[in-house]
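Below you'll find the structures, each written out as structure tokens.
Look at the two complexes coming up: chain A is in both, with chain B in one and chain C in the other.
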Partner chain A sequence: MKTSLPKNTNSRSDLVLALGLEIAAYALLMALFLIEGGWILIVAVILVIAVSVLSRRYPHLRTRISAAFRDNAKITGAVGIVLLLIVPVLLKSSPYWLFMLVTTGLYIMAALGLNLQLGSAGMMNLASAAFMAFGAYTAGLLSLDLGVSPVITLIAGSLVTGLFSILLFVPVLKTKGHYLALVTIAFQFMVVILLDNLEFTGGPQGLKNIPPFNLFGYSFGTTINLGFTSFHFYTNYYYLMLVLVVILAIAAQRIYHSWIGVTLATIRDDEVAAKTSGIEINKWRLLIFVVGNCFIGLSGAFYAHMVGFISPPNFTFEKSLVLVSIVILGGMDNIFGIIVGSLLLVLLPEKLRVISDYRFLIYGLVLVIMLIFQPKGIIPYRVRTYGQSLNNWLEKIKHTTSDSNTEEKIG
Partner chain B sequence: MNEAILPLLSTKDLTIQFGGLMAVDRVNIDVTRNSILGLIGPNGSGKTTMFNMMTGLYIPSSGDIQFDGESLIGKQPYQIARRGISRTFQASRLCLDLSVMDNVLVGMHAGMRQNLYSAVFNRKLVDEETDQGVKTALELLYIFNPGILDRASEPAGRLPQIDRRRVEICRAMAMNPRLLLLDEPSAGMTPEEISELMEDILKVQRASDDITIIIVEHVMSVIRSITDHVIVLNFGRKIAEGPFEEITNNQEVREAYLGKRGGA
Partner chain C sequence: MTFLDMLFQQGINGLMLGVMYSLVAVGFTLYFGVLNVINFSHGDFYMLGSFMALVLVSVADALGWVNNSLAYVLFLFAGSMILTSIFGVLSTRLAVKPVLKAPMLISLLVTLGLGIAIREAVRVLFPRGSDPKGFPALFPNGAFQIGGVLIRYENIIILIVGILMIVAVHLIINKTKIGSAIRAVAQDSEAAMMMGVNMERTIDITFIIGSAVAAVAGILNGIYYGQVMFNMGAIAGVIGFSAAVIGGLGNIYGAIVGGLLFGLMETLSAALLPIGTENKRVFAFLVVILFLIFKPTGILGEKTYERV
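Take a look at the complex of A and B:
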């Protein structure tokens, strides 16, 4: 009884710790949206840097926090879901920020795909905006010209992007390292130029009046009217975004926590070691390149339906750079890092509009400071754990061998 | 019956040229099954180049490599690895940011049943397979150094040099190879560590009932105590072959190699 008592209070304080941190992070994010003025931004940036540096300085603090979240996964998860679901209520009076939040979600989806390529397998892809364009234009053209239902165009946008990435993969296969980056940059520019000049993509005017997403006849472009109150139509997209981000994040997390993740990491860290361990490098690179681009394409298709109007300037090189920055700054091969990185890099410049003239100066400065303090990203790569399975076998092996050791000594 | 007599691996006039340099020049070797072959020679004599050709990393200019009755010419490194040749490297090629466990698991890649689809949609398969993989990896690590077991979740970069080498050998052994190529396993080790390492290599041989080892080594005590047969290379050519004692009495070998160390 006595031994279980301190453990109990400990787990309670862990729960308080986890919930406290969760709610604090959420409150900070909402404060960023709701409070006008620059000071809240400075507070937020300083807090993020401080937390990031502290967790590196005091690793036991980090393990305690992650253990607190893991042990209370059900409660923190449930609270997290509720907090995310009520966002549209809190942001009721500022649909602009709700829109920005959905946009952030689209960046998260694309960055999760890019992270599979760049973070997990070490393939630099600087054409992610071009692949987003494939998704967006596929969805746009299918619904405008053929009247295909948006549920299908969303999936088609993703798959067509995957197919086109096989095209790029042929030259990619022949190159590596910096050359691979150059090939993808060339591809990025080619795609934008083509979109600008092709007749059927609408040229510089792009595609207009792409119908909003709809599900079983319910159009996502309509305001949600509850009688006593109403919500902006972005609310629809917000919930759709949540569902898709959760699905993609779970898929990415599962890939990471499997032998596929280990295989990709080996290809990233040492190609020669991978080859001589029997890994068919090109097959895995192709697979992950295609899957990553499917994520990116889905994000593009979503964007087309939400905004209703796409044109080449939506998919320029700068967007590719932002996505790469998200992966590097957020944390390579770390899904949580990708989410934090997206929030920071997408929302920061919007918030900085207050000081419009120096906006990108400050933006760049923040990036440089971040990279100085956290060169491996805000939430750095973490070693895979094999938890229960590892512990079980460790016990068994130690047990059996301690028996045989004594036998040996007798013999 | 015939199989047992046939060498596991043999090269026929194996040659590779880098520009004007004959790195390996018409070398013929036969590797007897279940033996330990020492490959020695001064720096730049072509030992590692031989390994690189046997594992498909380099493509020979001419000649042939037969492994278990099949030519390896034109095969990709991963195909050769799957036929049962695995290796370690002179400069360790562990993924230092990955855990010890991850590094060993990679060695079992060829037998992996999961794919991208099952990684996402069939977690039962993933969990079962991972569980078995973890078990095999721990058993392998245990053979070498029970002390590594508790550090299996740590990044490989945190281990001392000798344990890193052991993990690399474990990764190679995880493939269940029939031929294991060890490229200067003692590099960067103290004399005490080297004698531990020799024990390790003999443990490898004992742990498997069908394994042949080729070892490239500069430390002669290692070659003397563990090899059955030695081949000496110099400037890309084979200059001598035989048991260690015989080799040390060979005049050409003394001049090329041991002569320089005559004082020792």
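Take a look at the complex of A and C:
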């Protein structure tokens, strides 16, 4: 890590830099919500493009910024948490945007799962919306027909989705590349057609009146009344979404930094090499496929309880496409990129409602242009550097052991 | 109607659908052979073909030329094929060529995005583009009977036009100079370039053929159902790709076999299975998945050697 500056010399200005950037990004996001009209959108887009061009042109700027955030992780983290917690206060007058923010959170949760498959292991999954449907319908049916408590349906939705992804077990292991893409597309279409035609899923009408989430008897569908002021019931879901996103992000981060993450990256980058170094490809591919779909299913179950109404058009191929775009445009195998990608791809089109007739046209064009000019995503994937810890580890090995021991650890 | 009659009837319907699917699948397999890319926007050129025909119909209306003479029908077909292939070549040059060297994920997503853009452009640019559009009945009305089965002239002509297109593609690929260039590039693009094949031109012509054939399929589809819609390309693309894969990706005859098989599977499962009518595509896709598991190279595909 030759680029990281010696500590203490710049710490004050680094802190100011990191906090300034954090607050500026937050202010821009809130301005997008609160200010009517298209010009703020144009400002935002120009700023995002400027940042991405600058960080490409001056790589040392990027390392400096990431170093600034890393060195002041505690302070920036604390400020970030406070900023996120006060969002419902700022958006008090516009519950619509609060709802969109929660929806973005759901996309982040699903995209984190998809990223495990697509980004970490290189497995194409164009059926993520179908898996979301498994989660949503499981939660809906359990709570409507059996009256199961929503806490359990949320978990059940996630697990059942994982179980159903084993349906695709054989095709997923036997195909790859274009063929895997086709298997998942075919599965996606099959699921939507079946949802439309089966009786117990309610057919085209879907499931209505799914009870809101509740925790220890407190229903999330009620307005928060503080006496002097009150908050829309989406506020409940906003905080629940924050908790779940944080849990899933930490889980994804742990997987990324564990030997599992490294194993998956090996499989993604060179399957033959992975196999020859003794990695059981099929086991890991299956595991990560199931775990990723559990994430996606959780997001679907959450959606069912929040909106209370699900039907087949909620889970079409287009939604799968949006999720894949989030992962690829945000930056593969990169959790921060997923969050940025979700904000851009879910919130910007909403803002584009001003020119609503053209927004999907613009969406398609932007997708094509972005992928041609910035194919690695907004925040490109970087090879892992286990800077300090790897050095420590090598030191330790030098002192203590023989060659055979190290080989065992690497394998 | 006896069971056999019903089977015969559904067989005819299946063949007709199958011919249209084959025409779409041919494009997928050509592009894969020449460029090693799956062009997911191809289904939207099928849709574009039928909408271009509608544009020409209104142009002819404005000029006061409304009759269903052979010249009129030929004008619609040829005009739509030309317009669609112009769009095909343009969009390839702008969007597909830049990502040829990129990983498969990127080209997949670019072509999907291109498909969305084309679909939405049609929806936005056509008056009341979100609604289904009526399509003129270009072929003569009437029907004849064989046994207990009623067969419409229209359906027979659709079948014949489809088969003629397939024969035309076969002749172009096998009997012309440009056809041998396409086959050479598909086999080994570097060797082909060293032998003096003009790569750029070959790619352009491949896309002209693919788009023109898809345009014919789109028009036939419009005549068959009597209406077209801006988003019909999405499912047609998936079916065309499936058909190309069942037949063996990269093999033109495979694409034709695959398309016919897919059409037959749809109509027969609708006829024979108890809940088949609504779920006909579920069964067809299930067969596609089974194919990918047990014979991923397709019916006529060659073996690949990259198993680990």
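In the analysis below, the second predicted complex is superposed on the first by the 377 of 411 C-alpha atoms of A that agree within 3 Å, B and C clash if a C-alpha of one lies under 4 Å from a C-alpha of the other, contacts with A are read in each partner's own complex, and residues count from 1 in each chain.
As a working rule, contacts are C-beta pairs under 8 Å (C-beta built on N, C-alpha and C of every residue); 3 or more make two chains touch, one makes a residue touch a chain.
Keep in mind that this is a model prediction, so the values were computed, not measured.
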Touch test for A:397: chain B only (first), chain C only (second), both, or neither? first
Name the contact category of A:19: first (chain B only), second (chain C only), both, or neither. neither
Is A:262 contacted by the first partner chain B, the second partner chain C, both or neither? first
Is A:270 touching the first partner chain B, the second partner chain C, both, or neither of them? first
For A:79, select first, second, both or neither according to whether it touches chain B, chain C, the two together, or no partner. neither
Which of chain B and chain C A:29 touches, first, second, both or neither: neither
Kindly classify A:281 by the partners it touches after superposition: chain B alone (first), chain C alone (second), both, or neither? both
Please work out whether A:183 is in contact with chain B alone, chain C alone, both, or neither, and reply first, second, both or neither. second
Share the list of chain A residues that count as touching for chain B in one structure and for chain C in the other. 272, 275, 281
Would you pull the chain A residues touching chain C in the complex into a rising list? 118, 124, 170-171, 174-175, 177-179, 181-183, 185-187, 189-190, 193-194, 196-197, 271-272, 275, 281, 317, 321, 324-325, 328, 357-358, 360-361, 363-365, 367-368, 371-372, 375
Considering the complex alone, what residue numbers of chain C touch chain A? 32, 38, 95, 98-99, 102-106, 108-110, 112-121, 124, 234-235, 238, 241-242, 245, 249, 275, 278-279, 281-282, 285-286, 288-289, 292-293, 296, 308
Which positions of chain A touch chain B when the two form their complex? 251, 254-255, 257-263, 265-266, 269-270, 272-281, 287-288, 291, 381, 383-386, 389-390, 393-394, 397-398, 401
Would you mind writing out the residues of chain B in touch with chain A in their complex? 55-57, 76-78, 81-82, 86-87, 89, 93-99, 101-103, 105-107, 109-110, 112, 114-116, 119-120, 123, 126-127, 129-131, 133-135, 138-139, 142, 146, 149-150, 152-155, 171, 175
